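Letters A, B, C, D, E and F mark the chains as written, and numbering starts fresh at 1 in each.
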Amino acid sequence: MDNLLSEGLSLMVFGMGFVFVFLTLLVIATGLMSKVVTKYAPAPEPKPARKTARQAEPTGAATAKNDELVAVITAAVHKYRSH
Amino acid sequence: MDNLLSEGLSLMVFGMGFVFVFLTLLVIATGLMSKVVTKYAPAPEPKPARKTARQAEPTGAATAKNDELVAVITAAVHKYRSH
Amino acid sequence: MDNLLSEGLSLMVFGMGFVFVFLTLLVIATGLMSKVVTKYAPAPEPKPARKTARQAEPTGAATAKNDELVAVITAAVHKYRSH
Amino acid sequence: MEKLLTLLTASGIYNISGGQFFMILIGLGLLFLAIRKNFEPLLLVPIGFGGILANIPEAGLAYSAVENAVHFAKPEVLQTLASVLNISSADPHDILHAYHGSNASTHATASLVAQDAGYSNGMLYNFYLVAIASGVAPLLIFMGVGAMTDFGPLLANPKTLFLGAAAQFGIFATVLGAVALTLTGVMDFSIQDAAAIGIIGGADGPTAIYVTSLLAPQLLGAIAVAAYSYMALVPLIQPPIMRALTTEAERKIKMSQLRHVSKTEKILFPIVLLILVALLLPDAAPLLGMFCFGNLMRECGVVDRLSDTAQNALINIVTIFLGLSVGSKLSADKFLDVQTLGILLLGIVAFGIGTACGVLMAKAMNKMAGGNSINPLIGSAGVSAVPMAARVSNKLGLESNAQNFLLMHAMGPNVAGVIGSAVAAGVMIKFVG
Amino acid sequence: MEKLLTLLTASGIYNISGGQFFMILIGLGLLFLAIRKNFEPLLLVPIGFGGILANIPEAGLAYSAVENAVHFAKPEVLQTLASVLNISSADPHDILHAYHGSNASTHATASLVAQDAGYSNGMLYNFYLVAIASGVAPLLIFMGVGAMTDFGPLLANPKTLFLGAAAQFGIFATVLGAVALTLTGVMDFSIQDAAAIGIIGGADGPTAIYVTSLLAPQLLGAIAVAAYSYMALVPLIQPPIMRALTTEAERKIKMSQLRHVSKTEKILFPIVLLILVALLLPDAAPLLGMFCFGNLMRECGVVDRLSDTAQNALINIVTIFLGLSVGSKLSADKFLDVQTLGILLLGIVAFGIGTACGVLMAKAMNKMAGGNSINPLIGSAGVSAVPMAARVSNKLGLESNAQNFLLMHAMGPNVAGVIGSAVAAGVMIKFVG
Amino acid sequence: MEKLLTLLTASGIYNISGGQFFMILIGLGLLFLAIRKNFEPLLLVPIGFGGILANIPEAGLAYSAVENAVHFAKPEVLQTLASVLNISSADPHDILHAYHGSNASTHATASLVAQDAGYSNGMLYNFYLVAIASGVAPLLIFMGVGAMTDFGPLLANPKTLFLGAAAQFGIFATVLGAVALTLTGVMDFSIQDAAAIGIIGGADGPTAIYVTSLLAPQLLGAIAVAAYSYMALVPLIQPPIMRALTTEAERKIKMSQLRHVSKTEKILFPIVLLILVALLLPDAAPLLGMFCFGNLMRECGVVDRLSDTAQNALINIVTIFLGLSVGSKLSADKFLDVQTLGILLLGIVAFGIGTACGVLMAKAMNKMAGGNSINPLIGSAGVSAVPMAARVSNKLGLESNAQNFLLMHAMGPNVAGVIGSAVAAGVMIKFVG
């Protein structure tokens, strides 16, 4: 019983401590990495990043776009036929 | 041999019987369910159910639509350019 | 040691020989097949083979086409709206 | 020179048996039917190709490690296998016979011996183990089919479920037919074989494969080929029977338009079906459970990405492996048997009887309903063979009355037939499994 | 007539136990929550459906071959199993108990005995073995999540990683809670159980499933259901806590726009993270390794077709099997236990504490930074529950200041929370695994 | 404090060996080449990442359960393993050595012992077992490649098959090179090793992986890395050789436009090829069978949904696992060996010789055909490395004559090279497998 308590306590102390240590190191490493990258390989002007956006897009949005497309084309065609 | 015959016969009688019993119960349960649904959760006016239709569409149809799309756009563009 | 050498040598002789024999037979069989096909089932005039081309198309190209499509439609719609 | 001899004596042309040659021709024939005649190509292209691969001499693609070890017959390996299988003879045939009859642990030990001797399972044999012996492939196909099925027409007119029931009579009549062939000494089928053959009449590929893999795996090749071939032949098999059993007046009956079915009903239907299965026939639970799961994913509207995958990428992947695995059972020693002829014969009888019973049931229902509301042509769709049989009903309806579109009305019995044959499958597994 | 009796006595309705009936209701309840209330439907639809399948009486879908053999309890099979398990009693309960406690080789032998007797693994049990017991499904989901994650906001403001750390306090506090419940005699959790329950507080489904499958597989059903349900409830659980711990002035704080993050930084981040994991916590390597791999595929820009597949076809296929497999652990005998209530209670406490710690950490960081640059509302997003928690932060921000869009600022702590709980998972596995 | 010590002594930084550190650098180098230099990224990104994962200290991701058990070296476990392996020493190295040399059943028993002691296969090891040891991944890739291959240019000019034959001389010359290195005592390769190394010259990734997994699995990492790297380097390796062996006049030769190839010819070609394989070289049946199956699915036009899946979702999924599995063989103890240097050296020699022989063969064919109809530059495409090598031919042609588009002419030998190396692979497996 006491054993369980001490295990639980030490899990909390060391676990939480480790999470903080790890993420602190990650903050430092990431910051360092960003600094080095910005210094030695400065990014060009921010591109619109179209492609990445597309990938991240949820399926729903894609469908929506498709529908828009169809709507737009339908309109265009009606116009075309009505000439 | 006789054993095989009796097995076959009983398989037919009980099998066919069970299929009918099961589907009869399904008819009843489905009817009941539909009645309850229509009573307590009446459907709104029938939507065009565009999405489901799209899903059920076989690949062939999808391709056909795509082709139509391309044809339509080509026409629209030609019209547009000829202005 | 000598064994390894003789194994290597025979692997080269028979391996290379077999590759040539196999591909020679394939040349013959293919030629024969083509001849028979052209004789008994002459192809109709070469279709544009649109579909196969589409399949072989790398993803990149497909995306490019999609973009073109969007551009084309946008143009068509602008035209339409400007009427 | 010795190497040259090795190449020659290990070549296919040196080793090919008449049976293998013939089976390769059958594989080519299946490919021809699939590609040129459009016979259920999604299954028959992989099955036909798998059949050719399975019969490449010396490649052993369709054999287990032990079968491959026995084929190459090194005396010391045969000796070890014989001792593992606890038989005194080291004759290849005796070893194979003992191996096929041995229990699971002996099987496993024999397999390790063959592997130690450098032999391994053929590629197609591994596909078969993973896809069919485990039962998973037909179930996933059923899930995908569920995700592609619209129960709307059935829900608009649930009574068409009776048509799906009646058409299953083909299944059970065929079982009796197989029994009769055995009793008259023409063939030799066990009751398990008879049940698996009967299920061809269900006109539903994955159900037939699932039941056969459980009840009579040695007949899998013939039964799957028969099931898919006859499904492709539905436009030839059904019309004469339908015409013979109906009058011109009946074929002209126009059915009233189906009512609108709400989204909620469509969501609840697979759940109602599942609960009925759970309460009445647990042995149908894997098949109908996966079918209902696929349909629920389709209709619930909140997991579209899962439903899309189930009816595209996943079902396609599974179809490739399922087809090749079925093809692996087209090896000459298993397929070229008089039993195969019996199966082909019984299968077509099953289709015919199922069609007839569906039509007769529809006639009866029409009579009971006043004689002018149910076109008996939709009864034949109860065999399933989705959506081919429903199209046949539609076509015959149009022949008699150019304004008579039966397609949606026939879709009800059509999907009911899928449920009906899965229920029949559950009964078979319960009774003779 | 005997057949009729067989059908009846083998039917579900004849055999259903109260527990199974109740679990089927729970399965239906999960489906209702998923479909009508939109509770994480991608997981809860398969889990709920799997739960129903697992509780179909006599179908044995969630049981191993041995469990099925014991269930049908033929005396000779029980006798053989008892001798294999080296126990004298042939009582079903004793056999099951010995089986569950036996080592891997005895397990394998017992399994072969059951197969020889004609029993086989249930479908869901096979799915569980392949998807979860092997550990592969949660890892592939994590790879897909990595391929869907944009670390841009985190890289623009790496300090938000501290918020992702603080919110993990919920995990460890819950471990203590589980320990306290045990010490007071209310429940009986081992330290492994406590650790697995704690990880619910990580608000990250695949991490919870991965850890639980390693530390306390018997609790998998309850823990997964709790984790996904509470993730869906984040919009209800978090706001009161967030409001209680922040002042109106704090909630009004507008954060400055995030800097642009270059492609190179995004490519290097998963590699930096991987190296840190490699150097500090190898036990987190499978989880974070696959996560980083997915993210690298996404960002590197040269393997788009792999990245697309990882975040679509592959993750969808794996989700279907993962959900059904988790559902298989909702069988009555495993789920209907007072422990489940404890888990549900502790889980919500974990979410609450995590939320509070995240907010408090954000308050502290804001104070240290001068008091006007970090809106404490983004702290709650540190629990993960991506992207729901970030949306909650955004919503509360808009309530206080209609011009205050916190979404992108909250995405930093949000994805940091994923890393944080994966690190916590690694520590748990190291210490009590 | 004890826990802190545990964390520290189990951390990567405390345990990392020089070899692991170096291999992680190599993994990073592969990622750099793949991402920045576009070296076959679809394979080298997963391979490089898998290589890093495999070398994370203490994580044991690339090790089997037994290897992990031995690594952690608890005396009682080592003792049990030693007795299972029937050796007297319980020294870790001796146990590993006995384990790797043991037969399949001892292997299985040792594995159960390790599992009983709480150790399990690493994630990457499981991927390797499923994807490569079973042989399935390279075969599925080959199926996908078949579904992506257009044999039109080859069918329009079947004689280009000879170029695909000639270029395989690189394979067999390299075998002799490996033999020579062994005879001179520089390296120590068996004939199996030599054959596997030679196949690098086939310039075809899946063929190389398939053959190596059968003949020399311990060399898989080095051979796969060499094969894919050199395929990426084709634009650097080939041009100097091509220029040296051709005259300016030859490079200027314009080839007449290819005839139209009918659909029927394209459908029949994979079947003709399959039958030839079946009759002459059953050992090439798995590789070329799956290749032909993929191509038939592509061309037959009736199974487009299967063909689409084979060349997208399925090949992508398999590529991810294949790459990570190959990466698992980049563990320091297997890769950091003088043999690896030998493999890298021999591999580039193989590419060079293959290129040269292809060009010389094309020159000869051109001479025989009158000297003005075949541009020898297309000969180099016979090594395969599809479609890179064909593009190189095209580029050099354009340099000499800006109107000279050789791409389609070079596609013939290019795909012929794939067939050629698969045939060579079959011969290797037959003779030394």
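Here, a residue touches a chain if its C-beta (ideal position, glycine included) is under 8 Å from a C-beta of that chain, and two chains touch if they have at least 3 such contacts.
Quantities reported herein were computed from a predicted structural model and do not represent experimental measurements.
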item	value
Contact-graph distance - origin subunit B, target subunit E	1
Candidate from B-D, C-D or B-E with the same interface as C-F, over half of contact pairs in common	B-D
Centroid comparison with subunit F (C-alpha atoms), farthest chain	B
Of C-F and C-D, pair with higher C-beta contact tally	C-F
Subunit D-subunit E separation of Cα centroids, rounded to whole Å	38
Centroid spacing, where centroids are CA-atom means, of subunit A and subunit E in whole angstrom	21
Rounded Å distance between subunit A and subunit B, as computed from the means of their C-alpha atoms	38
Set of subunit D residues in contact with two or more other chains	3, 7, 280-281, 301, 304-305, 308, 313, 427, 431
Multi-partner residues of subunit C (each touching 2 or more other chains)	10, 14, 18, 51, 69, 73, 76
In the complex with subunit F, residue positions of subunit D that touch it	3, 6-7, 10-13, 16, 24, 28, 31, 34-35, 38, 41-42, 45-46, 49, 52-53, 55-59, 61, 109, 112-113, 115-116, 123, 126, 312-313, 316-317, 319-320, 324
Footprint of subunit D on subunit C - complex, ascending	10, 14, 18
Interfacial residue positions of subunit E with respect to subunit B in the complex	3-4, 7
Residue ranges of subunit A in contact with subunit E within the complex	1, 4-5, 7-12, 14-16, 18-27, 29-31, 33-34, 37-38, 41-43, 46, 51-52, 55-56
Of subunit F, residues touching subunit D in the complex	103-105, 108, 134-136, 139, 267, 271, 274-275, 277-283, 285-286, 289-290, 292-293, 296-297, 300-303, 305-306, 308-310, 313-314, 427, 430-431
